[in-house]
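Before we start, here is the structure in question, set down as structure tokens.
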Amino acid sequence: MGEGGIVRSFRYWHEIVLLVLIGVVFAFAQMFEPRFLQLDVQRELSTHIWEIAILCLPMTLIIITAGIDLSVGGMMALCAVTLGMLFQRGLSPWVAATMGIGVATLCGVLNGLVVTRIRVHPLIVTLATMAAFRGAAEGLSLARPVSSFPEAFGWLGQGVWWGLPVPAWCFMGLLLLTASAVGLSRWGSYCYAVGMNPEACRFAAVPVNRVLLGLYAFSGFASGLAAVLFVARRNTAKADIGMGIELLVITAVVTGGVSIFGGRGNLLGMVLGVLLIHETREFVSWRWSRDELNFVVMGLLLILSVLLHRWLTPANRNTS
Amino acid sequence: MDRFSKSSRWIALMGRNRAYGIFGLITLTVMVATAVSPSFLAPANVNDLLVQAAPIVIMACGVMVVILTAEIDISVGSMMGILAATLGVLTSPRHLDWPVPLAALAIMGLGAGMGAVNGVLVAFGKVPSIIVTLGMLTAFKGGTEFILEGGWITDLPEGLRFLGTGSILSIPISVGVALVVVGFTGWLLSRTSFGRRVYAVGSNQTAALYAGIPVRWVKLLTFTWSGFLVGVAVLVSAPQLSVIDSGFGTGYELLVVTCVVVGGVAISGGVGTVAGVVMATLLMTMISTVLIFLKLGENATYWSRSIQGCFILGAVLLDHWLRSQKRGWGRGES
Amino acid sequence: MKKRSGLGLILVGIALGVGCGGQPGGEGPEGAAPGTAGEDRKVTFYLVPKKKGLPYFSSCAEGARAAAAALGNVELIYDGPTDGSPEKQAAMIETFALKGADVIAVSPNDPDVVGPAMRKAREKGVHVITWDADGVADSREFFVNQATAQAIAYGMVDTMVRDLGGAEVSADVAIVTAYLTAANQNIWIEHMKERLASSASQLNLVAVKPSDEDQKLAFSVTQDLMKAYPAIKGFFGISSVSFPGAAEAVRQAGKTGEILVTGLATPNSMRSYVEDGTVKSVVLWNTAELGYLTVLVGEALATGTLSAGATEFDAGKLGKKKVEGDQVILGDIMVFTKETIGDFDF
Amino acid sequence: MEIRGLSKAFGGVQALNRVSFGIHAGEVHALCGENGAGKSTLIKILAGIIRPDEGEVGFDGRPLAFGDVRRAEAAGVAVIHQESVAFAHLNAVDNLFVGRECCRFRGVLDRHAMARQAREILGRLGEDIDLNQPLEHLPLAQRQMVAIARALLARCRLLVMDEPTASLSAKESKVLFRQIETLRESGVGILYVSHRLQEIFQLADRVTVLRDGCWVSTDPCCDLDETTLIRRMVGREIAARSTARGKGPQEEGPRLTVRGLSRAPMFSDVSLDVYPGEIVGLGGLVGAGRSEVARCLFGLDDFDQGSIELNGVPHPGGSVAASCASGMALVPEDRQHEGLIQTFSIGDNLTLPWLQRFTRRGVLRRSALKTLVTRAIKRLDVRLQSTSDPVSSLSGGNQQKVVLGKWLAGKPSMLILDEPTRGVDVGAKEEVYTLIRELAGEGVGILFISSDLPELIRLSHRILVMSEGKIRGELSGAAMGEEAVLRLALPVGNGQGVD
């Protein structure tokens, strides 16, 4: 029952939980490892997260529509391989990158078509295409790496522009675009509506299929962009890039308060979720240098953030 | 009224019989593989295939029960790893050197306990199961490293190795155990009140509450059952190899979920049979072997992952097509 | 070892319960500006394996710890990606460089991917060396080389030929590798093909299959290969995970003695197969010494006793080691057989 | 059974406030009240699903345990919930027995006994149901019968029925009423909840009225008449139930012309015209294919044959967006699943179909949308605190008004209403009727689907009756009577004759 006071109708409890958790991490860092918080250190460490953050944008929207895209890693691989092979054939890396992103977008469209036309659950569709895309990347490239891209192309991944790494600007540009699409245009409302009740959407003339198709295509595009940045940063295009990245991305999005059942969550929460995951991960490896500890902390953090959210939210969200 | 019941009978038939569709696909695959290299159907190969499929079938029986209640368990891969590592540490003479039966009991108990932790968080903590088990998947992976501390367990006692490699009445132990588990799960789901309640909870949780079903306890039990079966699967599969390493079970969560889903269990709960899941598991484990038997040349190796993905997609699309044909939606039938 | 594993169990319990676990021993150094290594200051030394959790690297780390203890002025931290991801390895190197390492010794998982991070660390004044596997040009100062890729590959082919019965043998062989994308293994495979083609024997390579560093997969792939290619007489398990998996498959098929398995792995994981004859020879090098040498080279670089152009390096208890260009060579490969394997425990 | 001082609050809302009344053995006790009056809360407490904050229920002199469905069942309370509460994927036997299976020994099912009992109980209800069918493939009425059978199986001493006839045809309702009589004679107390006042007067011995969570009255049925009852439920006088019909069709070309529309196997050869200002009723039993026709007209489903013309222009079909653009609107039957997005605010629900119209260069015109919302709320007289509250906080009647308002905002020229008053309480019903008449007065063509015969007859200018996917006849003027409609609505031939 939705009646109640301000406390009940306040919708940003999860964001506050996340802010507190981030604060805890920073406080710890300030106490034990002050150097961790220096700006130049933070700037360099941030290079580890931008590709994931970019992938989180479409993933957030897709999860809001009660879908999921497990194939982002596969699309990244296919994009990277396309980029590498075209570059090897003598194309300019910029042209090759554009075509790589194009291929990834097409992969996204394929996902979207199967989801909307055949009406198979996106979890199953993208589980299958995850393997299919990566397999295609391995088959096309015979798993061989392509390296030695020109310096100028490397700038895309390693360069710094106006005090921030170039991928950061890419993310922020995309975030701005996505946020304004969600906040200003009708497509944002459509995403939430589709996630809550697709049947009612059909009755309300909401173009459900176009929304979904667009989102999966966007996911493909973002995967392509992430792959290009990744290739530029590590100077290597290979079929194993982005292996297992889908779980990281989903973890970040879900930590950010996006409901896996669709219809709930927002971009602000997602950004905070990514930040929390990133800072925790970097701080744990900075302080303890034990990689296995990272896994334990990440896993528990995911559960903890949702548990805290449950406990702290006064309105018990019972759906029945 | 007449028309309606006729067409709905067809739907019911198809709904129940996803297993037949997959069986057809299996037959086709076997025929192609045997045509290329006749030794595919040799008893030794069939035996190996079954041994390979056994632990996956065992875990799929657990995960399927969880998915039937409209939840999901993707922690099974890492749980396998951490249980295998624990099993090694418990039994290896260099470490704790427990007697094998005791260690076996401990592993099954520990598995059930871990499953129960998942279950408690889902049923009583009200955290969505995909989040709980995704978190556990990651946490267990780290935990395995802590237990093994960078080493491998290389000195498994003979008694333990027998669980993985031995056979009784010329049936490999793992296959035997898998048969028992499949039989028991099938019986549990169709012939006991617990089984019916599992379907009921997955079909309509509110209605289940109204019908006086203790929904939370049912969910807790399904997760415990899933964890317990991971323990069983570890017991018969980890000792198949002489070495227990930290990578054991990596990626099994996706394989198991794929098998369950391809086997016709609806991800939204309430629908699915053990027969379908077993068939799908056989199909999925067969694919990689078949690819080797087809001798497609060196480069085919690189495409194998792609072919597997296409197989899953193909199975799902074929199923969809069959259903839409039988349902006679609109056109065609009249 | 016994106690520590039990302790590990408890640790997991604590970690699961409390959330953050205890503070492990390897305490990081206080952040100081990098590159200002003084004589009486400790040298902060990061040893980065390809993948944490492999006994091969763990045994190297044991040797490295011994060296650090012997030198006294080295603070050794051993950490690498648990899942063997090159991207994560690169990220770790970046973190270590920022944190103020003096020396980072890397066994690059994928030289191309890790290269830029190593170069960046060098720009920060960190001494970067490679060990076990080499990096790309100018990403490191020295490479501590156990043996050349060629020597390893040729060694494996040669032992196979010898164990199968000499130069006249004609048979099918197959390789079970790590990942399809694993750089080290791919170089070895190239050299192995070269050797197979040039040697007088009639060994015919029918398949190269990945095991994805999963024993189970190595096991089943080997099973399938044996059946699909009945003429196979030998398997190469060219990673420390795929080797025991392949050997187990051969043993369980009852083909011990008929089909030979050879490859790279630590003696402990292969002991039972060598004893029952499934495996006649295990190819490797002395891993503890590799770790030991790596730490010595790194320390020497940090304290200025070693610089480019040297031709010889005094490796303490290991004696004098040859320096070829920018490579410090440990020595030759070792072949463990039934007779010698009892002398080693790692 | 004696209910004493039962109270329950959800958050800040008092759903039940010190309600007390009693039910005798062998009595049919009707429970009336508008939606939100606290009926469902009371039912849930009796069923053991929720615990009351205070008060107690005495049952045969002993207090009833709260918050435990099984103990309530064991004590002899059985509840027929509304039809959405069923297991769609399970077959009839499982639906009947889940939660209280017949077992041979601990936990092992006795399937034969269950199937036998199921057949027997369904036979008593006059239903011949394929026991192996998942429920989702059965017609709505059969599903409802399964739910009723489930309650009957429990050998209860108090039977609570929550709108049991909502999706039953007249014939099936009769069977049910006969069962109720039998139960009453055997001494079972029955608490009967329904919006259909007719049924209440036909069945009940006594009537209890709840309003806003408070007990209003309990009287023998014979002491009441319809007007008093309604007044008690609503708490105010309702404008006299006008039977005067609207202006009737205006002399223009038809708004909607349908010729030979078919979609196998749902319906075939449907032809009809709707003129401006005309309300055309579409009668028939549940499952006759009326909603399917509506879906096709609106473009939700494709049709096989036939043609649709809207305002004289051929209409392509198969596209909801095209229908909206050309001024057609459909108020769907199932408010929860098809009409509203429950977590969305009232305003967002109202504007959802019109977002594209209010977009300039890709950006939504918020202020224009706001005007749209205010205007719609004003016209419909929706009682609410703020348009940004979630729509789920409204009562059923007000929710239905939002669904209506959503379509009126687009100023449609042709409106299809599918059961617009289902689950709407008496007060709001009248407001919906008035609204429909007003719209017709403005020249909108209206196709009105309803299973409630009195309402269909009162409102329509003409009635078309469907049965088994075909239009069986047309009634107009004085010929429109309940019996005439029913005669056409019942299936012809094949054994299911009129009783």
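Note that the chains take the letters A, B, C and D in the order they are written out, and that residue 1 is the start of every chain.
Note that in this section a residue touches a chain if its C-beta (ideal position, glycine included) is under 8 Å from a C-beta of that chain, and two chains touch if they have at least 3 such contacts.
Just so you know, these numbers come straight off a predicted model, no measurement behind them.
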{"item": "Distance-maximising chain from chain D - centres being C-alpha averages", "value": "C"}
{"item": "Distance between chain centroids, defined by C-alpha means - chain B, chain C (Å)", "value": "34"}
{"item": "For chain B paired with chain D, centre-to-centre distance based on mean C-alpha positions, whole Å", "value": "43"}
{"item": "Intercentroid distance (Cα basis), chain D paired with chain C, Å", "value": "72"}
{"item": "Interchain centroid distance [CA atoms averaged], chain A/chain C, Å", "value": "34"}
{"item": "Multi-chain contact sites of chain D, meaning residues that touch two or more partners", "value": "none"}
{"item": "For chain B, residues contacting two or more additional chains", "value": "139, 141-143, 145-146, 206, 209, 302"}
{"item": "Multi-chain contact sites of chain C, meaning residues that touch two or more partners", "value": "12, 15-16, 52-53, 82-83, 180"}
{"item": "Chain pairs in mutual contact under the definition given at the outset", "value": "A-B, A-C, A-D, B-C, B-D"}
{"item": "Chain C-touching residues of chain A, taken from the complex the two chains share", "value": "33-35, 41, 44-45, 47-48, 138, 143-145, 147, 154, 158, 230, 233-236, 238-241, 243-244, 282, 285-293, 295-297, 300, 304"}
{"item": "Chain B residues within the chain D interface of the complex", "value": "1-5, 7-9, 11-12, 15, 191-194, 196-197, 199-200, 202-204, 206-213, 266, 270-271, 328, 330-331, 333-334"}
{"item": "Chain B-touching residues of chain D, taken from the complex the two chains share", "value": "47-49, 68-70, 72-73, 79, 81, 85-90, 94, 97-101, 103, 107-109, 111, 130, 132-134, 137-139, 263-265, 301-302, 304, 468, 491, 494, 496"}
{"item": "Complex contact set, residues of chain B against chain A", "value": "121, 125-128, 130-132, 134-146, 205-206, 209, 254, 257-258, 261-262, 267-268, 299, 302-310, 312-313, 316-317, 320"}
{"item": "Residues of chain B defined as touching chain C within the complex", "value": "37, 39-40, 42, 44-45, 48, 52, 82, 86, 89, 94-96, 139, 141-143, 145-152, 154, 165, 237, 240-243, 245-248, 250-251, 288-289, 292-293, 295, 298, 301-302"}
